[in-house]
Structure formats: structure tokens, C-alpha cells
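To start, the structure under review is shown below, and the notes come after it.
Going by the order they are written in, the chains are A, B, C, D, E, F, G and H; count residues from 1 in each one.
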């Protein structure tokens, strides 16, 4: 038995030496992944806050609130997205993809929502990546967001636009719904022409949600349109004019 | 070893019995709250004072049931959240009923603390979980579109404006919370549909020049003093 | 309304942060307990004193981690069970390790209270849930058949008798509990398989007339004084 | 917007085509590895040299298939992990086969680097993921209890001792890794059961006084030189 | 033991055969009721007398099918509820059709007893389960919003008022029941949405000043005598 | 509006009168069901305690413990099963079946487990119902347990017998396992020849569990048998004799 | 045993290869139909002729893909239903697209035979399963409420009337079928909700006095000749 | 539209009726096979000749039921696979029963063709699907560990060797098939565990020196002539 445990100890050291290398490699990977996950969660949380901030915009505070959202978004980028970028070598993006994808998608969602509020246009992947090009990864190459993450983030944008359209109507800003409707129709068309790739997980489900949102937007536009037809245009304007100002102050 | 396990046996039997006691109280609470809710619903077609009296009549029994829950929990300090799921839904419904009644009465929002006070609860022993309270507010919001539609049908053309203002404020207030993607977030998302529906009714009333008209009639019946007057 | 919601916002943010704090401590606890368990496992082939020292060396850090949990919970009286799921499994594993060690040392069963004492826990603030303790005992039982097999292989022929007596007592004690059809009942059901396996080894040893034989050899090495001696 | 989506279409079509190429190679790999595995399995009942020759005969084709994968990936720097799922399981099975063979041959553990070398892989271009390697070792461990049972049935009573030592070492070595709560950890937990089973066989042999007996016979047939001799 | 199981086999074979008989009658009932329902549905766009005649034409065959069920059950006293699941849904649908027809005809609610009478059923032998009856009423309620929408589209602007009153009464009446958390309660909860929708239509008509307008036209066509007149 | 609410009140009373009858009927049914459910839960709990008590029997306490179990079982019957019986009219058994079936099944399980421990035989449905015949239902007809509940209860008996067999072996009583094995084989054969009826819910799943238990019992007998073959019978008896007494005292 | 398994291997390889061929064609079909559907969807916002041309442009390729399926099946008589699941969903979607297009063009229903003819299929070799066709019609129905909503938003106030009539006819026709309690019956039940939604849109238009109004404008642009004109 | 749907109705009714006919036959088949299987199961404890006679007694009725299926399918050429799911499981169970019986009788494997012959089936009209046959073999394999355990308990110590050889051959033969990642492959993977379990029993017998011992007794009773003799 003494002899036996002696043998065990000796053998142990042989095996364990090999495994110490493995342990180092695994630890390095796991720790890096853990850091990236944390950074990504921070990207998610702070991007969500930007989106909440955008939903708080109304006619009265529009200028200031938009500027605030822009500043917040820039902070997300220069603080948290940077943390992700600094962890990655160029050839590691796919290795840690699942660790940072959720954050990048939420960031895309926030950035594109903000852009739509500002200009009514889609922030393109090129524009977005250009704005990130000062973030360098470990190998000093510019950091960029992948097509997959961009598309999944833009798919979620639809849901936010639906919320904007409906609360727009709720606040008497019927023109928002109409603008959103055309925009989301175009988006949905673009998405539905994409090939069905295995690479972008969860796309079919997001497409379904996108269609549900689009239908809600269309129904909202329909309601606005039908209501608007009962009386002549100028009568509506008269009836609502001073009230609109009212609702600005309230909101 | 035997002695020790005799203690364990006693403790396990005790836990099972506490659970069973709370389950029964919660079931009674459930039936009771359905009655209260049923007493509130005629508000869509009846006058407020009549409804108010009926619902308030239930308050002392309701407090009694909560006192029973609190009594059991009092002896088990620290175990509120062990059994919390047993009374979650019921509590949200209570908040819905009380907040609706309070708004009809005062036009204001029943606060979290006021709710606990109304129920005679000592938050140190047995409080109302904040999320349960907020979900109750969402249910209250969900009822308002129907209320507005029925009020206008009954000729009260000022109601949409009041509700729209109140609901807009509530929506704005809710938006200041940072909600996770959970049940509460989903319920909150529903408020904007309520607001949209109320806004549509307000639009209908405005476009037809009915706003402020009927309130004159209301004045005639002498119900001008506070917000609640228009709900009769 | 705004003020009130500012408070709500603060409270919701606070709850989220407590959860996050506890989640991190529990994750550390998880890694740490794996180390302790790894330190205990060589007992199947090494001498007890060696293992004992190693495992005991972890105790103060372990207490430190529990102290962290208790510290967070202390400020949130009554919320132990709100977050209980976060440390359930870890605590059962701790009980398994400590009960095994205690038995090796004394031949007796580590009690519920002794476990809390070993971990420096004040049950009024942060105790060990009884079910978690009992599940830990089941895990301890599950390890014994392997231990017996390895002891006999190493020539310790008295071990099966001792373990069989201890495990039989534990099984009898467990049977006095009225368990519901839940996780604990399933884990308890496993004990009789452990007992059966140990009994089979005891049978093998008896039938071959090995019982009491090797203990003479053991005597020779001077390890006769207490139950624990045979585990070296 | 349309232009952008046209670009995305082109990009995704390209990706889809790479994926399809790799999928076909991986499917071939899959069939091929089933053959290799089938060639190894007779080890449970046949002599080692016979099996060894057969399995080794597959090596050059296997290297060829990996070279195909590597060739496609070479043009897509940094995208190894994009398509990694396509060959994970296959690679783990390859590691299982090669590690088993290596152990039979030398009694030692095939290292990660040695595995890549055997497959002619340049880790800078296309290596074997460390986790896939470790999972392959787990599969290898899972096969050992059956191997030991069959060896003892065939009269090789020393095999359990050797395997129990090897597997104990492997288990201890694995324990030094910090595994997350993932697939690898679950697979690793399985090694414990393999070890337990092998220890039970060792116990059976020991208690019946068979240990070292048959090795005399083995000596007679001249297979004494190294660990591997007993596996023939 | 074998004898006992032989008896059980005989008993279960007998039960199986009764079950099969009832299953076939119930399947016929199912097809038949789909026809009746199909005959009722044109009420959304056709005149009532036309539909009424068609649906009533099915009554004697329907009674025949129920007589078949009752005939089988008559020989198995007390086993109505053993096979009840076989005709539950069908019976609820029958209640829906008959209650809708009755309301169109009289503006009143078809009672439980009246339903049994219409089907020539002797409740002592084979009655209609009260819950099935109530669920049939829920289905009837679910159809009313669509009916109201189509009636208004067809120019009958008084219909919403009548339906809203009737449905409000039904809802209030249902509220007096103590429903458990079961299927019936879920179906009852649906009435609330039907009522809400009908109230919205009433609102639409009222705010546009259409109420009582078209009834003048209706008068012109001489259909003033009772509630049912407006449904022609 | 006054007029309107007046109408509502009037109509309400008309409808509500009809519904008051419905409410009474529903309440009566629900309250009775609730009482039966409670009685059935008590039958279940106390039957489970009888089964636990049976598992505590060993050679040393056998006589007294069996008597205790018998007394307990009789108490279950005369207190809680009686409560179920007293709620039912003859033609209501199927109406409230789901409310009391679980309790009856557990009662059958306890009664048949006890009978097996006493006599090694299956307590038949006739015997069981004969022992219950003094319990009268509302219409003064004797209460009885249905074939379905009996079969489902007996199916569960197998699981308890498996436990008895394994702890028997664990306590050195190898003959228990062998007796149980033959008994459960016969039971399983009986069950597998029954037609597959829709009437007895959950039977296929219970049959599966029964087979799993049977295989565990067979494996136990196999282990006992194989171990017993290594040495001659008399040598085993010698080696174990005084120890057996030992284990009695312990248990 | 070996010989026999060699035969089995040959047969399984053969079956597997047919399956693989069909799977690839079906996957291509799937991608292709996605594009066709994407080309049809702009009908919600664009003019019909534009969309029609685009969709029709896909027809010859589509026929080609079906010809490939038919070609493989031709050599395996009697195995259409063995592989049917591979193209079920795709075929239903094709029916949906073609039936929608046909209705936009003619206002009529595309028949089963016409569908096979459009796809150049010989039903003796490879036809369209009737259930797949009918499920395609259900999908077509599901799209109509959205279409109507968008048409009205675009100012075409007569569309709801036309669609409501067509869908009512389709619903009535479906009612004459005896559907089992399966997937098709569930899909059919959905038509009722489509019809209800379209009727609600018709109601909205009617109650606002919009019906027949905008058709005057339509007249002005000279699109009066047939049903299809209003969809431009 | 009506005419067309009348045709659809006819076709659906026809399909439905074929389906219903086959469903009823398949249900009878199901009950019948349960009895056959129940008749085979005593093999675990009774003598083979007794069981054999009983099971063979069912053969002609079984053939009759398959003849009924074949008769219906004969009139619907090419629709075997449309309804295949109705009799899949039953057929696999039949194969299991027949293959077990055949092996007990001859020690050999019942071939696919032999199975069809035993059932009087003409493969041109209604054959046994190869996968169903192979799944039946897997079920047969799954039963063998239990069989071996019971045989050894009954004193037949040579059985494990025979079964281990047969099962090893079957496993090797299966390995030569290219199975897709489907149900069959999962079932095949199970054979490995059956083999492992049988090898463990063989090990138990061998290590206790029981192998070939009792066969001497068997000789004494004169049952030496073929493999099957040991199963009596």
C-alpha cells in the first residue's frame, strides 16, 4: 500500500505536468471569455438604457434628449465596446462570438434606433463600423461588427420602432407611425430576400417577430388613416391645433 | 442519531404544515378577491358612490385575510419569500382594485405605502412586494380604455381627457424604471396600448367638438367639486 | 408620481444589484468547493491524516465565503429564501465534505448544528436549510460503497463492518422521516443501494473468513485506538 | 437600403457555400471514423497487434480528410471557430480511438500535441481544439471498464490493477482543471463512475486471490516486457 | 392470482366495448353538429327566418343521436360521468347553437332545463352537465361581437345596444357563480372581451349619432314588435 | 343613463334568478368535490405513513410492528375512507372519481403491501372490498373500490416490494428478494395480459415502471444467487450464522 | 449474418441516396420559394401588375425544381408518400403564392387541377397532395386581413367588401368538408378569424360612410372593368 | 367553388375511410401483439417448449391481421408509405417476438425475408420495411441482458457465453451499416449497452469459476444437442 501510494504520487506528477499546460490554456480561454461576457453584458445593459432614453423623447425635450442619447451611446462605445475589442485578436472573433454577440446586437439596436430618430434613415453597417474604427483590437486591427450581429440587431430595431409608432400615436404624433411603417416595410423586404443561412442563429424566429411588429404598425396606420377620413382635413387641424401644443407640454 | 432525526422529523413536518396553512389562506384570499373585483366592475355602468360603498364594505374582511398570512409569517421570520408565490397574483389583483377605487375617488395614484396602510400591513413583518404592486398598476391601466369608452357612451365627454392625462403621466413614470426583460416589462409594454386607445377616444370627442360640452350638464347635476365627479 | 417612481427605480435597481452580488459569491463558492472536494477524494487511496490536513486547510477560506453571503443577507432581513436557490447545491456539497471528514475522524455523524458551527454561521442570520443538510448526507452515503471497496482492496477488512453499521443506522434514522415525493425522497431512496453494496462487500469478507484478520496487522502498526484508525 | 441588402445577400451566399463544402467533408469524416471505431472495437476480444495494424491502416486516409478541412479553412483565416461545430464530435471520436491505441501500445497518455502530430495538422492553420481533445479522453475512459471486464474474463487478472492506476491518475489530472458547468464537466464527471467500476473489478480479483496469479502464466508466454504486453 | 386477472380481463373487455359504441355515436354527433353550426353561421349575413327554419330542420335527427347515447347509458346506471368526455365538446356546441337561435327568436336566455327539454332528454337518465351548458353559453357570447359588427355594417344600428345590455346581464349573472380555476373560468373570462368589443361598437354608433336613427327605417319595414325583429 | 341603469338592474334580477340555481348546483358539486379531495388527501397521507411503517419492520420488531401497521391501516379505513364513502351516492362515483382515485390507489397500495408482508400473497379486490363492506355510502349501499383504482394501486405495490427486496438483501435477508421476485413476476404477467383500456389512465406508464422494478428485483436475486455459489452452502451458513443474529439486533 | 447485412447495407445506402437527392432538391425548392414569397409580399404596398410580373418570372424555374422531384420519384413508384414530408411545407407555400396571385388577377379561386397544371405536373407520377393544397388555401386566407388593412390605408375602400364576400364563400365551402381533428382542421378554424377581421375592417369603412366613396376616384383612373382593377 | 369542394369532399371522405379502416386493423393488431408479447415474456422464468407452443399458437391469427392490412393497401397502389406510421411500431414488435423465438429455437438470426415469409406477406404488395425489421432486432437485443440474468439465476451458467457471442456478432454486423443520425441509429447505439451488460454477467460467472460447471449437470439431463437446449 505504501509502495502503491508512492507510485501514485510519481505517476500523478507525470500526468499532472501535461495537464498543467491544459489547465493554463483552459483557464486563459475561460477567463478571457468571462471578461468578454462581462463587457458584453455591460454593453447590453447600457445600450438598453440608451433605448429607454430614446423612448423618453417627446416634442418638448427632443433636442436635449437626443443629444443626451447620443452622448450615452458614445459612452457605451468608447467604454464598454472598447473593452470587448481590446480582448480580441483578429482570428479570435469567431471563437468568442457567443460571448459578445448579445452585446453587439443590442448596441446595433440602440445605434440604429437613435439614427432613425435623428434622420429617419437606416444606419448602415459601413457607417457603424466606420464610427468604431478607432477601436483597435489586440493586433491593432480596427474592430468591427459582423454582418450577422448587425442583421440580428436591426431585426430587433423593428420592435423598438413599433413601440415608437404606437406611443407616437398615443401622444398625437400620427406622422411617426406613417414614417415608421414605410421604413419597416422596406426593412422587412430586405430581410425576406436574404438566403436562409445557418450561420445567423435565431433569424427565422426574429423574422416572425418582425412581421408581427410590422402588422401592428400597419394596423396603427390604418386606424389613423380611417379616423382621419371622417372629417375634412382643415376641420381636424382646427379641432386639434391648440390641443397638440397641450399634449407636448404634458408629455 | 435517533434524537437528532426526531428533531429533523419535527422540523420537516412543521414546514409542511406551514405551507399547507398558507395555501389555504391564499385560496380563501383568491375567492374573496374575485368578489371584490365583481363588486368593482359595475363601475362601467353604475354611479361611483354606489360601487365605492360596496367595495369598501369588503375592506375589513380583506385586511383580516392578510392579517392571517402575516400572522403565520410572523412566527417564521425571514420566510416571506419562501412562500411568496402563494399570494403573488392575489396581491396584484388587490392592488388593481384599490388603485382603481382610489383614482375614482381622488384622481390620484395610490402609492405603494398607502396600499400597505390600507391593508393594515406592517412592512417589517409582511409587506407588499414592489413588483406585485407595479403589476397591479398595469392591470388598473388595462381597465381604463373600457371605462372611457363606456363613460363617453353614457355622455361623459370629459372623461377621456382626464384619463389620458393620468395614464400619460403613469406611462411616463413607468418609463423611468429600468426594467429587465421579464414579466413586469411585458405588462408595462401593454400600458401604451391602453394610452393609444384612450387617445383615440379623446380624438373622436375633440374632432366632434364634444369636449367640455357635457361637463356643463355634469355641472348642472352639481358634481363639480373634484375629479371623481365625472365618474358618477 | 415622479418622486414615487424615482424611489421604485432605486429599489428595483437595488434588488438587481443584490442578486448580482450574491450570484458572484455563489460562483466563487462553487469553484472553491470543487477544490475542497478534490482534496478529499484521495481518501480512496491515501492515508487519512494527510487528506484531513489538506481539507481542513480550506476551512477558513470557506467560512469567509459564507460570511460574505451572510453579510449581504444580513442587510436584507427576511430575504434568505428569496435567493436561496443560488447556494443550495453548493451547501449540500459542503455538508457532504464536512460530514465525510467528521466521520473519518470520529466515526460519528456531523449534526446540523455542528455543521453551522463549523462554518461559523449564526442561524438567526444565515443558517443551513435542513433539506440542504439532509441532501448532503445522502451524497456522503453515496460515496461510502466506493470507499469500502477500495479499503478492502488495500487490505483493511474491518472497514465494511464499521461502514455497514454506520450506514444501517443512518438508513434507519432517515426512515423515521415522513418525506414527500420530492427530490429529497429520491436521494434518500439511493441510500439503500449503498447499504446493499456495502453489505455485499461485508458478505465477501465474512465468507472468506477475512473479518478481524487484517485488523491484527493494523494493530501491528499501532492504529487501534479509535474508529478512525482503520481509515489511515 | 437595397444596395446594402444586396451586399449582405452576396456575403451570405458565399458563407453558405463554404459551409456546404465543409459539411460534405465532415459527413465523409463521420462515415470514415465509424469504420475506424469498428476496427478498434474487436480489441475487447482479439489480440492487440491484429487490431493495431488494422486501425493504423486507416491513418493516411484520415489525415487526408483532415487536410481537406484544413485546406478550406486556410483561405478563411480566423474562421476555424465559425464552422467548428461541423467537426467537433468527429474529432473527439478520433482522439478516443488514437488515445486508446496509444495506451494499448505504450501504457501512456497520448498528449494533445502528439495527437495533432499524428494527424499531420499544423495548429497554426487547423489544430485540435483542446476541449475536443479532452472530451475524446473522456470517451476513452468510458471504454475502459468494459475492456477490463473482458480482459479478466479472458484470464488476464493483472489488467484491473494497471487500468485502475492509469484511470486514477487521469482522474486526478482532470481534477486539476477548472471546468465550467458545461458539457466537458459532465463528461468528466463520468470518469468517476468508470474508475469506480474498475476499482470494483480490481476488488473482485484481489479478494479472490487472483491478483498476480495469472501473470505467472503470462510470463510463461513471454509477455513481460512492458505494460502493453498484457493487452495482447 | 390468475383467476382474478381473468375476471379483470373480462370486465375490461366489456368496458372497452361500451366505450367503443359510445365513441361511434359521439363521432356521428360531431359531424352532425358541424352541419348544424354551418346552417346557423349564415345568420351573419342572411335573414333570421331563413336560418331558423334550416337549423330547426336538424332538430329531430339531433334528438335521435342523443337518444342513442342515452340508450347505451340507461343500461349502465351511474356511469354517465365515466364516458362524459366523449360528448362534452359536442354538447357545448349544441347549447351554443340552440341558445343563439333562442335569443334571436325571443331576445331571452335559453335555460338549462329548456335545453334538455328541446333535446327530449330525461335528466334522470341522461341530462346535460351544467358546466357543458355554461360553456355553451360562453361560446354563444364569443359569437356576438362578430354578429354585432355585421349587423351594424348591414345598417342595423340598434343592435349594439340590445346586445350590450344582454351580454352585460349575462356577464353579471356569470359573476355570481363561484368558479374554480378551471376551463369554465377561462371561458368565462372571455365574455369580458366580448362585452368590451360590443361596448366599443355601441360607442362607435353612439358618437356618430347613429343610434335610433336607422330604427326609423326599420320601422318603415314594419319590424318593430320585439327584440328579434331587428335580426331579420 | 338613469333609465339605462334602471333597465340593467331590472334585467339583472331576471337573469340572476336563473343563475342563482346554477350557482347553488355548482357550489354543491364543488364543495362536495372539495370535501372528497380533502378526505382523499388524508387517505393518501395516512396510507403513505402505513407504508413507511412497513418499511421500518425488521426481524426483531416484526410482530409488534406488523400489528401496529395493521392498526394504522384500519384507522385509515375507518376514519378517512369512511369520509369518502359518506359523501357518495351510488351513481356519483364516476362523477367524483378524479377527486378520490388518488387516495384509493394509495390505500390499495398500503393494504396490499401489508398483506404481502403478512402472508406473501396478493390481497384480492374481493377481499379488500369485503373488508370495506361495513362502510356505507349515502344511499346505504356498501362502498367499494373500483377495478381501475385497485389495479393502479397494485401496480404501485411493485415499487414498494422492490424497496423491500433491496433493503432485505441489505439487511442480510436474502430470502425476501426471492419471494418478492416470484410474486412480482406473476403480477407483471397478469398485468401484461390485460387489454389496453382508455379507462385506466396512466396504466402504460405504470407498466413501464413495474418492469423497471421487476428488473431491479431480478438483478438483486441474480447477485444473491451468484454470490452464494462461490462456497459450499454449509460453509456459508457457518460463516454467517452468528452474524445474522447480530444484524437482527442492529436493525 | 454478414451476407444478410451486406444486403441490408446496400438497401439502406440506396434509400439513403434517394433521400439525400430529394433532400437537396427540396432544400433548393425551399430557398427558391422564399424568394417567390418575398417577391409577392410587396403586394401589400405596391401595384399589382409590377408584382405579378416579378412573381410570374419565377414560374419556369419553379416548374424545373418540381420536375426534378418528379424525376426521382418516377423511378421509385409507390414511394411518393415515403418522402412526402420533404416537400409538404414547400408545396403548401407554393399553393399560397399561386392562389393569391390568381385571385388578384381574376378574383376567383385557383383550383387543385389548375395548380398542378401551372406547375406542369402529371398527377399520375407526382401530383399535389390534396391536403397540401388546402393548407395552402388556408395560408392564403391568413394573408387577406393584412391585405385589406393595407388596401384601405392606401385609399381603396371597396376592397373589404370584395374580400369579405370571397372569404365568406371560401369559409362556407370549407365547412362542407369533413375534416378530421388534425392539422388541416386547426388551419381551417383560422379562416374564421380572418373573416372576422375582414368584416371588422368592412365595418370601420361602412360606419364612417366610406363605402363606395373612393370608388369614384377609382373610376376616374379608369380601372373599373373587373375585380382585379381595384388592387392596382 | 362549390362543385370543386364537392370533389374535395369526396376525395377526403375516401381517404378518411381508408385511414379509418387501416386504423381499426392496426388497433386490433396492437392488442393482439400485446398478447403475443405477454405470452413470450414468461421465457424469463419458464421452459422454452412451453412458451414456444403458446406463441406459435398466435401465428395464424397474426397472419390474418396482416392479410387485412395488405388487402386494403392492394387497392391503393403506392400508398403503403402514406399510412405506414399506423403499423410501424406494431411491426417492429412482431419482429422482436419472432426473432427472439427463432433464436431460442435455432441460435440463429431470423432474416428479413424469413420474417415476411412467416407472416405470409408478399413484399410486392405489402412488405416489411427494412428499418422496422432492424428496429425489431434492436428490441430483441434489449431483452437479452434480462434473459441472461434470469438464466444464470436459474442455474444455466453457459448462457452468458452464448449470448455474448451472438450479440457481439449482431453488433459487429450492425456496425457495417451506414446509419443516418436518426431513430434507428439511436436504437443501434443501445445494443452496445446490452452487450456490455451481458459481458458483465459473463465476467461474474467466470470470476467465480462457474463457467462450464453446471453444463455438466445439463449433460446429465440429456439436453446437449444444440444451442437451444440450454434455454429450457
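The working rule: contacts are C-beta pairs under 8 Å (C-beta built on N, C-alpha and C of every residue); 3 or more make two chains touch, one makes a residue touch a chain.
What you are looking at is a predicted structure, and each value in this text was computed from that prediction instead of being measured.
Matching F-H against the pairs in A-B, A-D or A-G identifies A-G as its interface repeat (over half of contact pairs the same by residue number). Compared on C-beta pairs in contact, E-G and A-D come out with A-D as the pair having more.
Inter-chain centre distance (subunit A to subunit C, centres taken as mean C-alpha positions): 45 Å. Inter-chain spacing, taken between the CA centroids of subunit E and subunit F, is 42 Å. Per-chain Cα centroids separate subunit B from subunit C by 47 Å.
Subunit C and subunit F have Cα centroids separated by 35 Å. Counting partners per residue, subunit B has 45, 169, 176, 178, 204 as the residues that reach two or more other chains. Contacts with at least two other chains are made by residues 8, 193, 195, 230 of subunit A. Residue ranges on subunit C touching subunit D, taken from their complex, read 31, 34, 38, 41-42, 44-45, 146, 149-150, 152-153, 201, 204-205, 208, 210.
Those residues of subunit F whose C-beta lies close enough to touch subunit E in the complex are 7-8, 11-12, 14-16, 18-20, 22-23, 25-27, 29-30, 90-95, 97, 122, 124-126, 147, 151, 186-187, 190-191, 193-195, 197-200. In the complex of the two chains, the subunit F residues touching subunit H come out as 185, 188-189, 192-193, 195-196, 215, 218-219, 221-222, 225-226, 229-230. Per the touch definition, subunit C reaches subunit B in the complex via residues 1-2, 4-6, 8-9, 11-13, 15-16, 77-82, 84, 109, 111-112, 130-131, 134, 169-170, 173-174, 176-180. Contacts from subunit B toward subunit A in the complex involve residues 165, 168-169, 171-172, 175-176, 178, 189, 192-193, 195-196, 199-200, 203-204, 206-207, 209.
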